[in-house]
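Sharing a structure with you now.
In this document, chain identifiers A, B, C and D correspond to the written order of the chains, with residue numbering beginning at 1 in each.
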Amino acid sequence: MPKNVEPVYYSDYLKLDKLLDAQAPHSVRYGAEAHDEMLFIIVHQVYELWFKQVLHELRSIHGEFSAPELDDKGLYLVAHRLRRVLTIQDLMNDQVGVIETMTPQEFLEFRDYLVPASGFQSIQFKELEIRLGLTRATRIAFDQQSFYNRLNDQDRAYLEDLEEQPTLFDRVDAWLARMPFLEFKNFKFWEMYQQAVNEALDHDETIVRETASDAQQLETELAGIQANRDNFAALFDDERYRELQQEGRVKLSQKAMLSALFITQYREEPAFNLAWQVITSLAEMDEKLTIWRYKHAMMVQRMLGTKIGTGGSSGHDYLRRTTEQNRVFKDFFAMATYLLPKSALPELPPSVRKALGFSRETP
Amino acid sequence: MPKNVEPVYYSDYLKLDKLLDAQAPHSVRYGAEAHDEMLFIIVHQVYELWFKQVLHELRSIHGEFSAPELDDKGLYLVAHRLRRVLTIQDLMNDQVGVIETMTPQEFLEFRDYLVPASGFQSIQFKELEIRLGLTRATRIAFDQQSFYNRLNDQDRAYLEDLEEQPTLFDRVDAWLARMPFLEFKNFKFWEMYQQAVNEALDHDETIVRETASDAQQLETELAGIQANRDNFAALFDDERYRELQQEGRVKLSQKAMLSALFITQYREEPAFNLAWQVITSLAEMDEKLTIWRYKHAMMVQRMLGTKIGTGGSSGHDYLRRTTEQNRVFKDFFAMATYLLPKSALPELPPSVRKALGFSRETP
Amino acid sequence: MPKNVEPVYYSDYLKLDKLLDAQAPHSVRYGAEAHDEMLFIIVHQVYELWFKQVLHELRSIHGEFSAPELDDKGLYLVAHRLRRVLTIQDLMNDQVGVIETMTPQEFLEFRDYLVPASGFQSIQFKELEIRLGLTRATRIAFDQQSFYNRLNDQDRAYLEDLEEQPTLFDRVDAWLARMPFLEFKNFKFWEMYQQAVNEALDHDETIVRETASDAQQLETELAGIQANRDNFAALFDDERYRELQQEGRVKLSQKAMLSALFITQYREEPAFNLAWQVITSLAEMDEKLTIWRYKHAMMVQRMLGTKIGTGGSSGHDYLRRTTEQNRVFKDFFAMATYLLPKSALPELPPSVRKALGFSRETP
Amino acid sequence: MPKNVEPVYYSDYLKLDKLLDAQAPHSVRYGAEAHDEMLFIIVHQVYELWFKQVLHELRSIHGEFSAPELDDKGLYLVAHRLRRVLTIQDLMNDQVGVIETMTPQEFLEFRDYLVPASGFQSIQFKELEIRLGLTRATRIAFDQQSFYNRLNDQDRAYLEDLEEQPTLFDRVDAWLARMPFLEFKNFKFWEMYQQAVNEALDHDETIVRETASDAQQLETELAGIQANRDNFAALFDDERYRELQQEGRVKLSQKAMLSALFITQYREEPAFNLAWQVITSLAEMDEKLTIWRYKHAMMVQRMLGTKIGTGGSSGHDYLRRTTEQNRVFKDFFAMATYLLPKSALPELPPSVRKALGFSRETP
């Protein structure tokens, strides 16, 4: 119990005088009140409040990753706060259903009063994208050319400054790349893993050669196995991995990718458990954001058909294209590309297992 | 396209300067920043924004019901806006999951700074309850005695004034009670219905007497049928109905109850369709509010255990008791008490069917 | 109460002996039990049960639309059952989250035992698509060429037979096209609407000419208005409408499109209300199905990365492409393309309003 | 890739011939098909499939807890599978909305054919309750007296046998009670915690005495602090704790309660993290089950009003009473009763922290 705390009144604490005075429908200003404009305003304001909360969490997560060393308590906090972000995202995705209770006709009653405002001008949402790791180069053309032109000078400067700073993606990549167990004494994860991959594929090839019913099937299946060999080869070869990066097929650095793979394959080892939760949550955050973009694109199509949005963009098409393009942590999401089943994995050497375990099981 | 519309900028339109400046954690003020207080504030602010939206809809619905006559377009609007309220309620119910991402321990970090503020002081929520039809007499004792004492004078006066005005329940009851088809030429719905009820119960009695395997089973089943007869009898008898009202077992007036029953049983008649949607939506609104109270009660227990809330109430018990007590439209929800299966219902007389139909089916 | 009803026991009624004996993990058969295969089976079985229920509803809806005349009670049933389908779809969409509790690694433990089975072989799902109105020509190439090759003869024959029958889309199009009020005495909806459109666009043009700040802005805005004029022109011109159809930009017949527009614009008229609910529900059914496809595509990517699915398809890409291609009722969804705000619409002539109203307001 | 795997066909794998042949509406058997009985059957069948899945997970979780020692990999599995159960529960709770698309009148069309079957006869659900830890003594009276009478001999015998076996609650209690760090070398958690509690309450008392505005407020606040002292005293005193158990106010053994408290307060210590996730998930499982019971009770009221259920129970009241009574892991849920804010907690001694940490931070 702290000392000298002033008594608190609910509406003062929540600053409801400000909050509930911030809805000013423009249709009222122009003398043609549209009942549904209130919904339009409040839905967007609720999104902005959730954006503020998500940014609050992401900034603290970014802070933990920026520390010289991310200790266990820090990693616990990161995992905990990412789960909160995911819960908020679920709500934001469901919230699209609320705006859809407004018919397109009801929207038309006040739409003309809002020109040329646009959701593209949400600075908090753009901050969220930039903080996660969306770079100007990654944005699709429409966004690259026109986005910053719609902002006032102050907002543009704020975002351009943000673009100069390390992103969450950068921090996570660096954290994974320096993960200490990737190479531990005379154990090298990638050597062990490469061997396991080769054995699994050799085994598959033997079975295919023994059981194929005819020459054509044999050829098809062998081609599949070879494609898989090539796929994995790039993972272990510096140069080919760089090519994948340049083609935009992977974003993580090679070392970070290998660490992520190590952690994912052995996530039940105590020292990997929280790290695996973090990787998974980042992938889910991306997934939920993608679904939000998709639902949002559908909603815009419903409201405007094939017309042009208040901001001049043909919203549906733009939004739909961003769903795939703007995924920051897609490498985590598609990690399955490189996974082996547990049964094809070797046991870790005892010294590694010990290093990944607790200091002692019982006192 | 309206004339002379000023160009609009997203953040001006949504008054984000006010909105995003309304979060002032008290733990910061006292020099002991608790990361999670931001979540606590924003979750409550989002609820308040949704309350504002729900009140916006309820006021317009109330307005429609208060018109001398509620025509079809008005009824369409009521049905449409009630569905929106239900959609928002679903979101509000799911939002409990967001506050639950805060552990009780995290809550304790700033809880002492908030004394004695309490959710009981949410004027918008109390307005919502009062507008729907929760009267001071219906509130449970704790609420009756202490609630208004926690408010400042202005807030208390505002709510007490509201309590003097007709509620949505009153308006809906009056609208149903004056429903024109209950008694139409020489057709009286209750006479027809009473006869159908009697026939159905007589039929049941015959079967029971023919098929009961022994005396004891016969007795049990006949007692069940008699209970049903008594149940229905109160519906058709003015005095016994008044007793049900006085015992608090029904709230609707007798005429309104009969109209609601008529509409529910023949909801596929064109003139009843929207009315039935409205009745059902009011029942669902009540149900969702009840589930919100219940989840809220659970959440308070999780945060505080059996401790006392910031406002001095043992929140969980209080909230749990309100779930049943505070249901305004429970009669609609429990309408099944008086329903017959379609197959036991007579066809409506042609003149009534015609009056309930469209002016012409084809041009 | 029916006569001579046999007493019923819960597990007999639900045939739980069959139902709960229908889970036979193949990993067990091969002596390598994978704990998570049970989840994989049950999730798919639950989907199949919901498909059965959705087909049960769609068949009854199809039946109502196939009757020589769809009367009000029939339309009420259609609206009611479509809402049920939407509720089930929400659940099916959320159910993707259950399969996502299985990690890709856990899936790999039993995946090889399932080759070459594939969700493409779900006959109920294909029936659902075909019944709605997805034609072989509309399916994307992958589907067209390979889909029917994976089915056994009986299943293929069943679906090919279904493809010969009228679809729900066909029935709905016909129902709208014969809607009686489109042309009523000397009232022709399209004449009235065309005039309203022209007036609205002329008005916009006047404002643009009066208020444009410079020549370039004037040109841009006039071009926008002209695009809108062209857009609408196709709606009223038989030949140009046929072109839109041939380009695949609209699917509805011209008359059906005009009726849908009439109903949407005047949905508060009693005779239009249920019809509007039906149109909206069909659009939402499509939307929810599309979101299901999208979430499903994401889930497949998570499970397999960029690998090839058990059925030989690169699932994620295929599924993602189907989301846009397979929308049957997209015209309803994008109806906003042709909407005017209420304030730009003329009042309907009294004789039309009367014909759309109830036979009498009061007895 | 396993050898000699038979090619698999989707419908064979899922045994769709059995699964989709298990819906036999009784209204059809009696020649009075009720369209909605299909929904009733399928909704219950889907619940039974999810029950099967939840039991599959609970049995494996029970197995882990029954091992002589629950190692880290085991605890990881428990946490992982409990999260899956929670996800399924969310879906089951939302599924109540599907059955609610059936109106009470539609239910009446086939209800009489189902007598006296009842959801009380779901053996899987009862198994779930018993496995979690619901004992016959805890069940409310109605359940105690009549439940087992409605089952056939085989089902009753199955459940009575289950009641003899250790429950998940028993296993979890034993696991917590033997948690090694509660007493570690010369560190005793409860001594440290008791001291922290006393200091916190002494501190509160000092502030209250310094700042109370008048004698009455002082008395009230001091009484509150004393109530808190008594509350905590029971936690540390064997005899008083036994009284709490006998009064049914706590269920956990005293040692298990202290361990749960230790883990909750220091959950960011690596060795406690998974244990804390497990405790929290068990509390949430209970919460979600409670909400399911509550929503189920509401649904029964909606379908039957105040009538008696097919099984002879007045379902709504019964179900509502079970919501509070049947909570197995309520002690975890109400753990906040005994929590202190982080800032009032002492640092753990270095030797304890070391023992709770990883064997080494860096290789």
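By our rule, contacts are C-beta pairs under 8 Å (C-beta built on N, C-alpha and C of every residue); 3 or more make two chains touch, one makes a residue touch a chain.
It should be emphasised that the depicted structure is a prediction, and the values quoted were computed from it without experimental measurement.
J.: Counting one step for each move to a touching chain, how far apart are chain A and chain D?
T.: Graph distance in the chain contact network comes out at 1.
J.: Please identify the chain with the largest separation between its CA centroid and the CA centroid of chain A.
T.: Greatest centre separation from chain A goes to chain B.
J.: How big is the gap, in whole Å, between where the Cα atoms of chain B centre and where those of chain D centre?
T.: Those two chain centres are 30 Å apart.
J.: Which whole number of Å gives the spacing of the CA centres of chain B and chain C?
T.: From the centre of chain B to the centre of chain C is 32 Å.
J.: Approximately how many whole Å separate the CA-defined centres of chain A and chain B?
T.: The answer is 39 Å.
J.: Two or more other chains in contact with one residue: find those residues in chain B.
T.: 1, 32
J.: In their complex, what parts of chain D are in touch with chain A?
T.: It comes out as residues 1, 3-4, 71-73, 76-77, 180-181, 184-185, 203-204, 207-208, 210-211, 267-271, 273-274, 354-363.
J.: Spell out the residues on chain B that touch chain A in their complex, using ranges where they run on.
T.: Residues 1-2, 5, 7-11, 13-16, 18-24, 26, 30, 32, 35, 38-39, 41-42, 44-46, 48-50, 52-53, 56, 60, 80, 83-84, 87-88, 90-91, 94-95, 97-98, 101-102, 112-124, 152, 155.
J.: Help me check something: in the complex, which residues belonging to chain B touch chain D?
T.: 32, 104-105, 107-109, 111, 224, 228, 231, 264-265, 283, 287, 290-291, 294-295, 298, 301-308, 320, 324, 333-343
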